[in-house]
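We call the chains A, B and C, going by the order they appear; numbering starts again at 1 in every chain.
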Amino acid sequence: MIWFVRVLGICLFLVAWEFAARGVPGSVLIAGPSEIAEHIQSEFALYTRAAFATSVNAGLGFVFGNLAAIVLAVIMIVVPKSARLLSAFALLLFCIPLIASGPILRVLFGPGEGPQITLAALAVYYTTLLALLVGLRAVSQNWTDFMAVYGRHPLSTLRYVRARASLPYLFVGLQISAPASFLGAMIGEFTGAERGLGVLTLRAMRGLETEATWALAIISASIAMMAYALLGLLGRRLVGYTPVILLSAPQGQPTQNLWMRVAEMAFIVGAVLAIWQISMDVSGLNRFFAKRPGDVFVFLAESENLATVLSALSETLGSALPGYLAGLGLGAALAAALILAPSLGQVALPVAVALRAVPIITTAPLLVLAFGRGIVGTTVVVAVMIFFPTLVACGQGLRQTPGQIVELFRSYGASKWQTLIKAQLPAMLPAFFASARMAVPAALLAVTTVEWLATGQGLGMLMAMTASTSNYNMLWSCVAVIALAASAIYACVAMIERRILRVYASEQLS
Amino acid sequence: MVGPEIHFENVKKRFDSVTAVEAFSATFKAGQTTALVGPSGCGKSTVLRLIAGLTGPDEGTVRLGSEVPAQVARRGALAVAFQDPSLLPWRTVRSNIALGAELARKPSDHVDTLIELVGLGGFADHRPAELSGGMRQRAAIARSLVSQPEILLLDEPFGAVDAITRRRLNTDLPPLWRDRGTTVALVTHSVEEAVLLSDRVLVLSDRPASVLADIATAPGVPRDSAYRASDTFRELSDRIFEALETGAVG
Amino acid sequence: MTQPTHLTRRFFLQTSAAGAALGAVGGPALAAGATAVNFQLSWLHSVQFGGSYLAARNGYWSDLGLDVSLSQGGPNAPVEPPVVSGAALVGISAADYTASAVSQGAPFKIIAVAMQKNPFAIASLSKNPVNTPKDLLGKRIGMAVANTPVLQALCTLNDIDINEIEIVPTQYDPAPLVSGQVDCLLSWETDLPVAMTVQGVENTTMLMADYGYALHSQTYIATEDALANRRADLVALLKGEVMGWNDYVADTDAAAALAVDMFPDAGLNLEAQKLQAARQVPLMFTDLTDAHGFGWFTDETIAANVETLALLGQDVSPDLWDRSLLEEVHG
């Protein structure tokens, strides 16, 4: 019966779509399902080859990116002192916009698949890293004590307890990163790849080949959704038990004095600048387009340049904030709604995955067409970019509420709503804050893309101008400013997080 | 092999603004079971943590025989059972118990014997989520014994076990460490349990903990139902209660 | 898709171009003695570079001892970095882009010019056409904000007030025009209007070059270092280009078919390619090239370019152009 209703719903949807596409006279922007199907059939061989090329690159990027994330997370857990420095690097690397990294990757790799794979890897490592860190830290103090009693090193805790305890979180990270890697590979193709769905999308959009644009969006969304579903299945198979999060009592924080913190910050900044300089020097990248810290410093020392960059930054931040908040709110709210009404998930999740999997350059123009070029359009695009990871992470967080607590609430006759507010939302908090941090660079990347494509302001526009002006000083100054802003906002979110988690989930703060 | 003696010499331990233990001197005799009783939050668990080397003293020394706790831990000669069973949800009962041997780098050949002994026969291949609270606790106790430790730390291990099982465990388990000469430190809220299981009872004062009374229970008397019903048993219990009450008043 | 079925020299040449994505630098039969050269195109493969494909397919470069890889560009594949870093010997740029890069310290020279007339045009729908610059007044134009100086230059040249035109930032895509978000687009003569025509959207274009916007486009750039040290390779590359483009203009349909054939994964539409191929002929072949040959430029055309660049806010010396290679090619 349920199946029947579902199939009927899908049919109705398709018919409505078909009518919408045909109803708009002379429409060149909406393609109906029948046209799309026909088009895919006629270009089947081409699309198969392109989908294969993009999938292979996305797959390799997925593997490399996630391996890097796992290695980083493990180092950060085993050597807690390295955590701050490494997370700063991880964040900054994630903040480098494609427009700056693309040309460098192309010059480094030459023709071939290198940039696509690298960009796919860069698109995934950060989300997985954050999700995995939450998982690796979600271990009660009893366990660390237990290992110490047997005279075992923290590595043993990692091996016997953390590794397995973090699996559900790792799979959340992997699930979120599947569509992201696909997107990264497609965008990587913009650096001059010979084949793939990204290349075809670009061509289709410029060629006003509407059926092709829609067909490509549907193909890429389907592949991403399949990867997402497959990883979900694999996760449930492999994890195979109900994970429990053990909330332990809050502990006192090691108090750090101000000078120590300043010194630590200075060390991190120095290390980042050194790595920036050294990595570019070692790769022998030409100073014309690969600017060093000194170049940026000299450039920004001129007050006119600094003023240009700062005013662009304030525009960018101003238009990013509403979308950031909306995306987070929506993701968390929908995750909560799915707990209250699980059947909603069958509709909402595929839509969410699809929105995430279709490249922003395809979705952004459609969203801008629908919502305008003002703050609403920008907000929607940014929200769409961060809504999906938030939804998945929060959904996972909500399911982490220990079963006993939920049963306890049931036994008192508490409603689903009360259980949600009093037990499940607090259990969701670590995942929510991980999403909030993860969303900081994502929101900035999304907003700069919209600025480039639709609103023509802010840092996105300044960076896009590099293409015609070769003003790489400006580009790298923007990169530096974005990275700084992202770190600062990230730190603010982290501060709020610490305050709140101290009450609800102190094991995360170790 | 008889376990080493545990010796506290004038130990002080503070946590932030709270002094958990101060001027604490005590000896847990080699191969004996010593129970720690005292008011809630008096620092009993801190004493156990100091023995395990999970935390170090601010002042004074903690010695296990001639060694410091970390050395003993590194040999895999320590074991612990907490109030919370802390079983790994993805391992079966058998492999959770075997973990104790694995971590201590000891052979795990008597895992199945222990499973029978703690009454979990037939549940060896179950996962913790399928067990009751009491069964999980028994698995945790079995895990602490499987490595045949020289020093065993029990922190309210029977707290979550039902009365019948508790009585059975109280009879069945002690021989396992007694016969091997294990030095045992037992934290318990139950005065009867302290008298029943231990050779000596240390009654601790309210925070910061110090020893109010050091009471030897009946040496050489078998711990059976006759002992439980004896006058000696009652007298010992009364003495401990008395000491506890003095501490509470003082 | 036609796949080559016989192993000829041309086959290897073709695969070395089309298969650049596999990192293949020429085929084994060709490797002996040929100098590998990377040629950085400015955009995705299409008949826009038809002459280069003909040079490759017809073996002009291999006859001159070159093994040329054609690297395609893309929205995030600027031409200047690979040329500056030596990853590419020659790149396809435009006079304004090159001038900017030089002002940022890149040691570039323009060594030949494929598009004598600048391809920038104002595209509009035929029912609401922009035929002259005056028609722009009061209209909404969709363009990248980064191109504002281009529009400003057109306005200055034709004495109209840019403030009376509403600039709407859009992506480079005909959709905003077709969906009515804007009245016209700043686009190339040869891509978005062609797409609209092929899709049956009646449109009108106004070529900016016809209204004083004199700026060389699809220019060949190389570094001063390459000019000094790899002169023979540069001359050979340009020679092949000239021969290829001469074949191109003789039969643009064949060039379009070749582009579709060589790049089966590019998703090219033959009809659109044919139209594009025909439409770029008047931009590339003029009286000047009839007289002197493909790619040529004179002191006069340079002077006109310098003037336009001044309107764009760029102070450029005629030294930016270097004709010595072309003189060798055509001499």
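Please note the rule applied: contacts are C-beta pairs under 8 Å (C-beta built on N, C-alpha and C of every residue); 3 or more make two chains touch, one makes a residue touch a chain.
Bear in mind the structure is a predicted one, so any value in this text is a computation, not a measurement.
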{"item": "Greatest separation from chain A - chain, by CA centre", "value": "B"}
{"item": "Chain nearest the overall C-alpha centroid of the shown protein atoms", "value": "A"}
{"item": "Averaged-CA centre spacing for the pair chain B and chain A, given as whole angstrom", "value": "48"}
{"item": "Separation of chain A from chain C, taking each centre as the mean of its C-alpha atoms, in whole Å", "value": "36"}
{"item": "Averaged-CA centre spacing for the pair chain C and chain B, given as whole angstrom", "value": "83"}
{"item": "Chain A partner contacts - residues on chain B that touch it in the complex", "value": "15-16, 49, 52-54, 70, 72-76, 78-80, 82, 84, 86, 88-90, 99-100, 103-104, 127, 129, 147, 153"}
{"item": "Parts of chain A lying in touch with chain C, wherever the complex brings them together", "value": "28-29, 43, 45-46, 49-50, 53, 98-99, 102-104, 106-107, 110-113, 187, 189-196, 199-200, 202-210, 212, 285-289, 361, 364-365, 369, 373, 453-457, 461, 464-473"}
{"item": "In the complex, chain C residues that touch chain A", "value": "1, 18-23, 38, 44-45, 69, 71-78, 80-82, 84-85, 87, 96-97, 100-101, 104-106, 144-147, 167-176, 178-179, 181, 191-192, 195-196, 198-199, 201, 263-269, 272"}
{"item": "Residue ranges of chain A in contact with chain B within the complex", "value": "140, 142-143, 145-152, 156, 160-161, 164, 239-244, 252"}
